[in-house]
Structure formats: structure tokens, C-alpha cells
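Two complexes come next, and they have one chain in common, subunit A, joined by subunit B in the first and subunit C in the second.
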Partner chain A sequence: MTLTEPAVADSEAAPAAAPGSSPVPSATPRILAQPFLTSDAATVGRLFVVVSLLLALGTSVIGVLLSLGRTEAVAPADMFAGLNAYFRMWTLYRVSFMLLVVLPLLLGVAMAVVPSQVGAGNLAFPRAALASFWSWLIGALIIVVSVFAGGGWGAIDGVTGNENDAMALTLLGTGMVIVALLVGAVSVATTVISLRQTGMSLLDVPPFSWSMLVAAAVWLFTLPVAIANIVLIYADLRGRPAIAFGRAESPDIWLQLDWLVEQPAVYIMAVPVLGIAIEAVGAAVGARSSRPEAVTIIVGLFGLLAVGGWSQDYFTAPQDLRDGLVYVAFGLAAVLPLVALAGGAAELVLRGTKTPDRLLDARMVGAGAALKLLGAAALVGALRVIEPLDLLETTATWAVFHGVVVAGLIAGVVALRNWSHELLICPLSQAVGRGAVALLLSGGGLLVLSDLISAFLADDPDLMDLALDGSTALNVVAFVGSVLVAVGVAAAVVGAVSALRTPTAGSEAA
Partner chain B sequence: MRTTALPAAEATRPRTGVVGALLATGAVFMAFAALVAVYVQQRQMAQAAGQEWFGEGSVELGPAGMMMMTLLLSMVTVQWAVQAARTEDRPHGFIALGVTLMFGAAVINQFWFVYQDTAFAIDGGRAELLFYAVTGAFIAMLIGGMAMVAVTTIRSLMGPFGRELAHGVQAAAAYWHMCVLCYFLVWYIVFVTK
Partner chain C sequence: MFTTGFKFFFGLFAAFCVAALAYGYTTGGNHVGPLSLGWKGGVGDHIGYGLLVALAAVSLTISLVLVSFRDADAAAQAHLQNLAEVMTDQPVTASFWPVVASFGVGAAAVGLVLHPMVFVLGLTLVTLSLVEWTMDAWADRATGDAAANRELRNRIMAPIEIPVVGALAVGVIVLAASRILLTVSQLEAVAVAGVVAALILGGAWVYAARPGLGRRLVRILGMVGALLLLVGGVLAAVAGERDFGHHTDETHEESGEPNGGEHGG
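Showing the complex of A and B:
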């Protein structure tokens, strides 16, 4: 048996026991053992989706508390027992939304959907995919526990109290999570490259599979750079007082990693969103694109603009690269593929069936919402890199981040509705889908808007946006946005979990 | 006119192992390249500020050049293994894989000598810290490559070379070549240009 072959146990039932003999134990993994033994792509994908949605719930609750700290209701220092603890939560919120929520959510969808889209029986390296899930989950737990134990990614300048060992553990967890996601990405990309049906060229691959191939390639180019950062910080931090890169009493560690959640690297979360959106619109109105190759090029171009390992400014001289032509060009150009894709989606709607029930389908509404938020984020990103506006070190950074993250969450909901057969047991309810999308869109929109206006109002750059003169009302708006996002995520979790339960005879009849 | 249905072409088994290994190899290279980029950036900044990076004569080129030669030879032997696997030539395959492993072990031994010779303290400064980070990361990558070669060797002991094992050898060889490319960067940037 090769390493790529699925376990026989998954497909073959045990022989029936002879009359009178003792029952033969089944070779199929039992329900409790299944998550540890399965080599079925859909099961691994489902595990990723469910756990990342649960983590999304926790992360969005942290977001609510953080935004409450920005209002005048509670002082940030009182919120989490000290300003440093607030900083730990502030960084956890950002890292978590990227590495523990959006990327694994979309990867999980890909693991379940891509094999059937390209005509492969299963993922390439199914056991590696399962290993990627478990190492991702263990890494995620290490991150969360170590941050609560006084670790994290650095501290506010001059503030003491962080534990070196806990910080090393946070770095270890971050590295583990990134490696796990990369293993999953290799598995998905190899499936598209090697296992697609004979006669299917890469240009014939469905948009979502193509977007995942592009996303996997971009992740493989971008995330290993963060591993290099972590290796450097860890080598400096471990076992003795750090001298250069791992100082525990400064924000240095975070400043070496923050490029991951800023432009252009933040768009690595958005590449699969494009594929999901275009497929969901097509499925909702029952139309196929007249220019599929255009979609292929647009997604590829957007992926190219999301490669971001080069954009870290921690190691450069003060005249940093963010004023450079390439950074500005990347920021401005990111809008173009999104506009082009929105045009492609509009073409699908024009060519499809335009009945009210189809136009109000959760997939249609969700795809539109995801593209709108992503477009808004890219637009803010374009404004951010225009030097005279002076928005680089302001909350505009987080407007882009929030737009992309919430678009990723909406795409997850759309995928749950569009590929219910692969991802869930019952279809995700139409009402739950629409409700979750509406809540996420309004919450994400408020976050993007408040962060953008705050950026224009802020007098001085502020790492954590704690002192925004004259923007108290905006901070309240951001708080409302965070609450809406949290409620939207909760609705998606409840909908997904209830759709994962096998329907009873009574419910089927109903 | 009677047409004869042609038999379907034999389905070629997709080279999933090789494709997966190439993707993973690319990711590992990106991580190492990023580490080297930080090294170059920091050294450039230090030298621009008029600071000395390594003390005069503290890093010798001789052992580093010897390691470069060893790894270049290992590229030949690992490619020899690929060819042997293609032609299902077991004796040559064993010898080639074994010699490649020996070269890998020799490089680690030479690195141990370099560490003894330079006697840097890891907390001696940015230069020393980055020296250990870059070379340590390379040694970790090389050990990964040796593990791949060792697994391939052990698997080849258990049966004849087939197409699947040939793909395994190709995957290991692709990774090994990338390791040598990475060492070339280390050799030139850390040891030659200092």
C-alpha cells in the first residue's frame, strides 16, 4: 500500500458474522475513532470547518471585548488585567482570525470539495491532510493556552510581565499552525495538479478549485517567510535574555510578524473567496460564465498581488519599503481584479434565471456581500498606500484586515450552503444562511467604516488605536460592528452544527 | 468502412509524490531564503553603520569550501540514485543512496568543526545569532533530506525498484538539490563575502 492510498477500512465493510459465532469487530472506524483514523477528504474538511467556526466564535468574542475597550465604557487596562494583557489579546485576535479561523475554514472547504470538483477519488496524501488537521488543532491550543499564560507576541514598549517560556510556546504554536496549514495546502494543490480527471486541463478546472490552487501556491510562497521570522525570534528568545529579535519587553516580536495581517499578505485569505463567490452566483442563478478563462486570469492576478513575504519593514532602514513604488502599485492594483470579478458575477446574473427566490438565495446574497466587503477592503487598501493621505500606520490597516476577514467568514457560510452535500449532512437552512450573511455584512461594514474614518481623524499613529481623539462615537460604532459579527458567527455555528445532525424520520417527514 | 475501436491508452499513474515533494521543497526554500535575506539586510545595516560583522579571521573559508565540494559531489550521487531507480538497477541504487547519506553526514561533521573553530557565543551579538540561525536552519534541512534518502533506501531494501519507488527517489533528489542550492547561498553569503 502506498502512502497516498486511502485506508481500506473506510470503504470495506466487515464480513457478516456466521450464525452462532461471536460478532466480528468492524474494520470501519467507530464514530469516536473516526476523526483520528479517517482518510476521507470530506471528513477531514468537515473537521477543519467545524473547529474553525468554533474558534471564530471565540475570536469574535475577544473582538467584542477589545472594541469595548476602545469605547469609554471600560478602560483597556481594566479589561484584561493590565495593558500588556490587552496587547496580548489584541495580537491574538489578529493572528487567530487569520491562522485559526479564515485560512483553515477555507482549507477545510477545499479538502471536502476540490476532489469531487476535479474528479479525484480522494485528496492526494489523505493521511497528511488528517495529520495537518490534528497538528493545526494542537498548535492552536498551544497558542491560546500560552497567550493566556502570559506569552504572546511581545509586549507594549517597556512593560514587563511577559513570561519568556510562555512566549516561546506561543511561537512554537504559531509555527506548528503554519506548517500544518502548509501541509494541507500541499495536499489540495497536489490533488488539482496530479489527480484531476484525464483530459481536464488546468484552464478547465472549476473556479473554486482553481482559486484554491492559486491560494495554495500563494500560501506556500508567503507563510514560510513567517516561519523564518519565528525561527529567528525563537533562536534569540529561548533560554536567555534576548539580544535583538526576541525582546520580551518590547513590541519587536509583533512588529516582525505584523506584515502577515497587513497588505498585501492579508489578501492571501481572500483568494479562495473569489472562487467561492463566482461559483455560488453561477449555481444560484443557474448560469455558467461565457469567459471562464477570464475568471482564471483574474483569480491568478489577484493571487499574484497577495504574495506578501517581501513587504515586512521591520528589518529595513527607516526610509522603509512602504513608500516604495512596488508597495504602492500592489496596493492600488489589488482593486482591479476585484472589479473585474464583480463584472463577471454581474454577467452571470444577467445570463441566468432572475426569479426573486434565486436572487434572494443565501448563496447569491452571500457572494454579493463577500465581494462587496472585499472590494471595500481593497479600496481602503488603495487609499492607505497613497502617501499624501498618511494612512499607513493608522486604523486603515485594520479596516483592510476586517474587510478581508469578514468576507472570508461570509464565503465560509456561502460554501456551507452551496456544498452542503460535501460539508454537512443536511442543507444549511436558507434563513440561517441569509441571517448570518446579513449580520456579518452589516458588522463587517461597520468595522471597515469606523476604522477608515478613525484613520482620517487620528492625529498620531497608535499601535493599538487606544487614543483616538474625537472618535468616541466611531468607537461605539466599531463595538456595534463587533457585536454583529459575533452574532453572525454564532448564527453560522448554530446552523452548521444543526445541519450536521442526521435527520430523524420525524424531521424528514416535516 | 469498418472501424476498429482502439484500446484505451494505459492510464499513467499521476506522480503525486513528486508533485507534493516539489511544492513542499518550494515552501522550505522560501523559509530559508527569507532567513538569508534577513542576514544580508542586517549585515548591510551593520556595515553601513561602520560596525564590524565578524572579527578578522574568525570565519575560515577552507572548511566551508570543503562542504561545498562535498555537497556538489552528493548532487551527482543522488542523481545517480535517480537514474538507478529509473533503470531498476538495485546495486547501483543502494551504493548511490548510501554514498549520498555518507556525504550528508560528512557535511554535518564539518559544520561541527566550524562551530568549534569559530567558537561564537550565540548571545555574542546580531552577527553570531544570525550565523547560528542560518547555519542551524540549514543543518535541520539537511537532516530532513537525509531522512528522506534513508527512508527511500530502507523501502528499496524491502522489494524491487518500481515506478513508485523511483518517484520516491526523485522526490528525495529534488529536495536534496534544493538543500545544496541553499548551502550555496550560505557558502557565498556567510563564508565568502562575510
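Showing the complex of A and C:
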């Protein structure tokens, strides 16, 4: 506590300035100045949530265009003015969903919810949290602008001088985004560790706060490795031929960073999903787990299996690493905590009130959907590491990715519904919540399914084939899935924005 | 028993000790040299080993100071001094320095690729933000009274901030005004300078005549004026200076001198 900044008091509780003394800036600035000045954790969290949902909308639209390109209705090179541009969008879609959408969305929820869950007045480092949001936003802006200016994470057809600069900017933006997310995660983790209410042990911490503590630790073990990759690539890109692997004229840059969106590192997005799901189920049916320590262990185990900095295969022969026992064991074991957590959720339902309105609550439906998609992703991940099936370098990789990402989005919707008081002004509408969850679940399910079946049909494709392969019918299924995800995200955005704008009308009791 | 600050710095002390030993033995240290600070045997690379040992010593000292003074924790101090009241923490005041720091980092990143000046500007912003941020964080917890904290902060920082901001403002005004005056024609430059001077004089006269004029209005007018000047300066810089060469050539022809004449700028 003493090494952290002091907690924010409520505006009512703040002492009035003595007569004649100089005016003291308030802890709660005016509404327009709030995004720039606030030291209130809930406001920073809300900023993260709203902006990441808007970015989710843009990213899912890119996903729709990419999957339209796969249907052969339009040639990808024509749609995106060349293969380089297609590759840029293909990589942006993946990086954006992870670093600009799911991680910040869940971090924003944590910033708003965790302090009240552990009985702290505010986050441990409120100003660092604000800096984290703005650094993340500026980094995201640099990424998006530089990618559209010809940058990105590598190219297929060679690059010009300007595109080389744009690529360097993309790398720096990526590094900035990662550092910003880590600063926010440290702030949340420190709140759980240091600012807990007196007498609350770590085992007493609510599941979501615990899952965020685990997630922050996993992010801290995993994401700095990507920063190290970026530093090496950048040094090479800016004229250091001594390091000969970051060539801008090939997709080498992407090949050094793709481990971040593949197993097991891809699961770093899913750790907080477990906490949200179990809390949402409990809140929906009004029950508490009889074995909270089991949930703690399950989430911790899943976090352990998501540490993925070691799994990059660029510097070693892929077969040495990915056919190794550890990689296979991580892939197979990831299913176990999810099965166990599903059991925990089922126990809550059995112990709770099982009325139809509670069982059909958006939180309940969403938690079930998120766990189902995550389970499906982990199952595909387990199949992917089984060597005789030969699925490693196929679209099964993206089946896992899509399952985890859409589960993260659904968890975001569930969180908006479950913690409306902290995250929004009014509760998120039941209908909007259920609708968004249904759309996201069906879209995510179709994406996972089409990618998995495509993987079984694929015949050892190279990188671009991996992006474009699959039979026509499956590609149409993937396109429909992408559209459903985009519509689901749009519904969530509309619901969240309307709940932020209407103070009384149209709101429901949570 | 052991305070958080003590644990942190004692942990650092331990880490630096381990690092010094590892560094000593991996750079040629032998026997128990790195263990005995060089009393029996070599310590390897003297500079690196010495630096790590010094950092360990500093960390140990800080940790002992912190545990002695209970991390300057208000509750602990009140307990030690048998005080009835505990000085409570104050709210974290609103601060725009985190945002400035973020923009600084962004500018540094962009400048690293595009232009060194932008990079330096970004680093300057980051450094400035860190200093101000540190002072704000310190002031927030200096005493239990928010107004006194603010006063304390201003007493230290205002003598630095006011001259620096003043110098920057003068620099920006000079730079922006000179760009505008060098871009427009000679006659227009005289007109612009005259109008601006008249506006400043008129504004000052009105303010002097009507002291009750709202500070907010004056602030808004000042900001609008500064913004206009800044935008005008940027546009003028983009447009470039007026053509001084033509006038110079005419002067050359008239005077018949090879290098005579006026050079603008």
C-alpha cells in the first residue's frame, strides 16, 4: 500500500478546501476533460471497453472482407490492390483482435471491476492506468495508420523505401501497445496483491479478480518476449544486416511474431474469460461455489498452460519444438481446466435457482457460450498437436484463434451485463445481450468449424495458401460466420453505447 | 514486521548480490574473490562487479531506512508516536501528465522512424511528464490536507514552471509571428503587425478599464489568439517565405554590385 499511490476518495468524501486557499483540482474532472485527466479506475476501464469495442467492429469488418476474398467471389489481390495489401490485412486482423480488441476489452473490465471486488478504493496506480489507456490508443493509431500506409508485419512482393518506414512504424506501434497493456495489467495485479481488504486472503479473492491476477502474470511472462522479437526485427529493418532474419521483403517478420496468436500463447486472451464466466453463472442463478479453491486452482492451471513465449519456432526447426513432448502436453492439457471449470459452472446451476428467466439470463447464456467456444478451441488445439493428424501448419491454427477471440468477445458482453453499474450508466439490455451472444456464438462456431474441416482437407500449404485455402463451400460458411461475428459485435457496440447514453429510459433492472 | 518498501529493496539487494557474484565468476573471478569483495582472489571485470556491488549496497541502505521509518506509513507512524488520529490519504488529483507522457512516447516512436526532431520532442515530453508526475505523486501524499499539498507542490514547481513556460511561449510567439510576417508581402506584413499591435493595446486597455471583466473571457480570448497565431505560423511555414531573391536581383542591377543587396530572413 505504501509504495502505491493513495486511493481516490468519493467526491463527497473529499475534504473541502479551506477558505482562502488555492483551488485544488478535483479527483473527478468535468465530463469532457475526464478522458484526459481522470484518476478514477472505472472511467479508465470504461474508456478501454468502449474504444476496444469500436476497434472490434472495424476488425470484424476486415474479417468479413478477408473471408469474402476466400470465397473466390472476388480475387483477394483485386479486393485489396495486391497480395501485399491482402497480407497486411490478414496480419492486421489477427494482431488487432488480440492486442487492440480482446486483451484491452478484458483489461478495461478488470480496471473497472477489480478494485470494488477486492475492497480497494481505486486501482493501485491510477495515473499509470490512464497513461496505459492513452499509450495503447496512440499505439493502436500508429499501427492502423502505418498498415494502411503500406506497413504491416512483412510483405510478400517486396517493399519500397516508404513501405519500409511504415513497417518500422507498425513494429514500434505494436511494441507501444504491448507495453501499454502490460502497464495496465501491472496496475490491476498490484491492486489485487496489495490493496485487498484487510483479512481477505488470495484464496478469498473473487474468481474474476483472481483470473485477472493470473492473466496479468501470464501476460508479463509472455508479452515481453514479443517485445524482444520486435526489438530484434526493428534493429534489422533499420539497416543492421548483421541480424539477418527480419527481411522486410518477405513475411519473415510475421513468422517471428505469429507464435503470439497461436497455441499456447493465444490462450492468454482466455484466462480472464474463465473468471467472468464462473462469476456470471453464479450471479445469474444466485449461487456460490462450494469449492472456491478449486476454481482458483483451475484458473491458475489454465494460466500456466497459456504461457507461450517459449513456443516460437522461428529460431529452431519447427519439428524440434512442435513435435516435442512439452508442446504436445500443453496442447492436450489445456482441455482439462476447461472441462473442470464447466463442471464448476454446472455445480453452480444445480445449487442455484433454476427458473427460466434466470437460466435464460444473458449472463447465463453468454457464460455458457463463451465456455463452449473456448472448449471447442481447446479441443481443436488438442487435435492440432496430435502428430498423426498432421494439423499443425493448417487452418486448425485459426480455428483455435477464432474460438478464443470470439469467446473473449462474448465474455466482454457478459461482463457488460454482469457489471453494468461499474462499466455502463444503465444496465445492458437483456435482449441486446442475448442477441449479441447468439450472433457471436453462431458466427464463432461457424468459423471454428470451417477452419477445422479446411484443416483436414489441406495438403501442407505454404503461408498464403494457409490464408486462402479450403473448399469453396467451407469458405462460404466462414464468410457467413464472419458476417455473424461482425453483426454480433455491432449489436454489442450499439447496446453499450445506448446504455452509456440513456440514464433512465429503456433500462432494465440488472 | 517487514514493510513493503523494505521487502522490495531487500529483494533488489539480494538480486544485485547474485548478479554481482554471477558477473564476477563469469568474467574471470576466481577462488572466493567475488564472495569476499576481492579480499581473497580476483573479482573478474572490476567495473561491472563494482557497479553491481554498489547497487546492492544502495538497495540495502534504502531497505534499512525504510524498515526503520516504517515506509513513512501514516498509520504506522501514528501508532509509533501514540497519536490518536491517523493522517488519511488524499485523493489522487486530476493530472494531464499521464496523457502528455503517452503522447511523448508516441511522438518518440514516430520520430524514431520519420525525423530526429520529432524523436527529441517526444523524449522531452516524456522527461517533462516524468518530473511533473513524480512531483504530483509526492505532493498528493505530503500531508493530510489537499490544499496544503497543492500549495507545497506549487512552491517547489512554480519557480521552475513559470519561467520555462514563459520562455516557451515567447519562443513560439516569435517563431510563429516571424513566419507569418516573412510569408505575406512587405505591405501586408506592416498591416498585420499594426493590427495585432492595436488588438493587444486595445485588449489591454479594455481589461485595465474594466477590471471586473471575467477571467474566463480573458482566458478564452487569449487561447483563441494563441491558437490563431499558432495555426497562422504553421500555415505560413508550410507556404514558405516570400520571394526575396527578385528584390535582391533588382538591387544588384541597379547598384551594379556583384554581391550587394538585402537578404531576407
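Just so it is clear, the second predicted complex is superposed on the first by the 453 of 510 C-alpha atoms of A that agree within 3 Å, B and C clash if a C-alpha of one lies under 4 Å from a C-alpha of the other, contacts with A are read in each partner's own complex, and residues count from 1 in each chain.
By our rule, a contact is a pair of C-beta atoms (placed from the backbone, for glycine too) under 8 Å apart; a residue touches a chain by one contact, two chains touch by 3 or more.
All of these numbers come straight from a predicted model, not from anything done at the bench.
Within the superposed three-chain model, A:235 lies in touch with subunit B and out of touch with subunit C [touch as defined at top].
When the shared chain is aligned, subunit C comes close enough to touch A:138, but subunit B does not. In the superposition on chain A, A:127 contacts subunit C only, with no contact to subunit B.
Using the contact criterion defined above for the overlaid structures, shared-chain residue A:227 touches subunit B, although it does not reach subunit C.
When both complexes are overlaid on chain A, the residue A:195 reaches subunit B alone and has no touch with subunit C. Within the superposed three-chain model, A:169 lies in touch with subunit C and out of touch with subunit B [touch as defined at top]. In the superposition on chain A, A:38 makes contact with subunit C only, not with subunit B. Touched by subunit B in one complex and by subunit C in the other are residues 2-3, 128, 194 of subunit A. Across the interface of their complex, subunit A is touched by residues 3-5, 8, 71-73, 89-99, 101-103, 105-106, 109-110, 112-114, 133, 136-137, 140-141, 145-151, 154 of subunit C. In the complex of the two chains, the subunit B residues touching subunit A come out as 11, 14-17, 19-20, 23-24, 26-28, 30-32, 34-35, 37-38, 41-42, 45, 122-123, 125-126, 129-130, 132-133, 136-137, 164. Note for the complex: subunit A touches subunit B at residues 2-4, 124-125, 128, 182-183, 186-187, 189-190, 193-195, 198, 216, 220-225, 227-229, 231-232, 235-236, 240-241, 243-245, 309, 315-317.
Against subunit C, in their complex, subunit A makes its touches with residues 1-3, 5-9, 14-15, 17-18, 21-22, 24-29, 33, 36-39, 122, 126-128, 130-131, 134-135, 137-139, 141-142, 165, 168-169, 172-173, 175-176, 180, 194.
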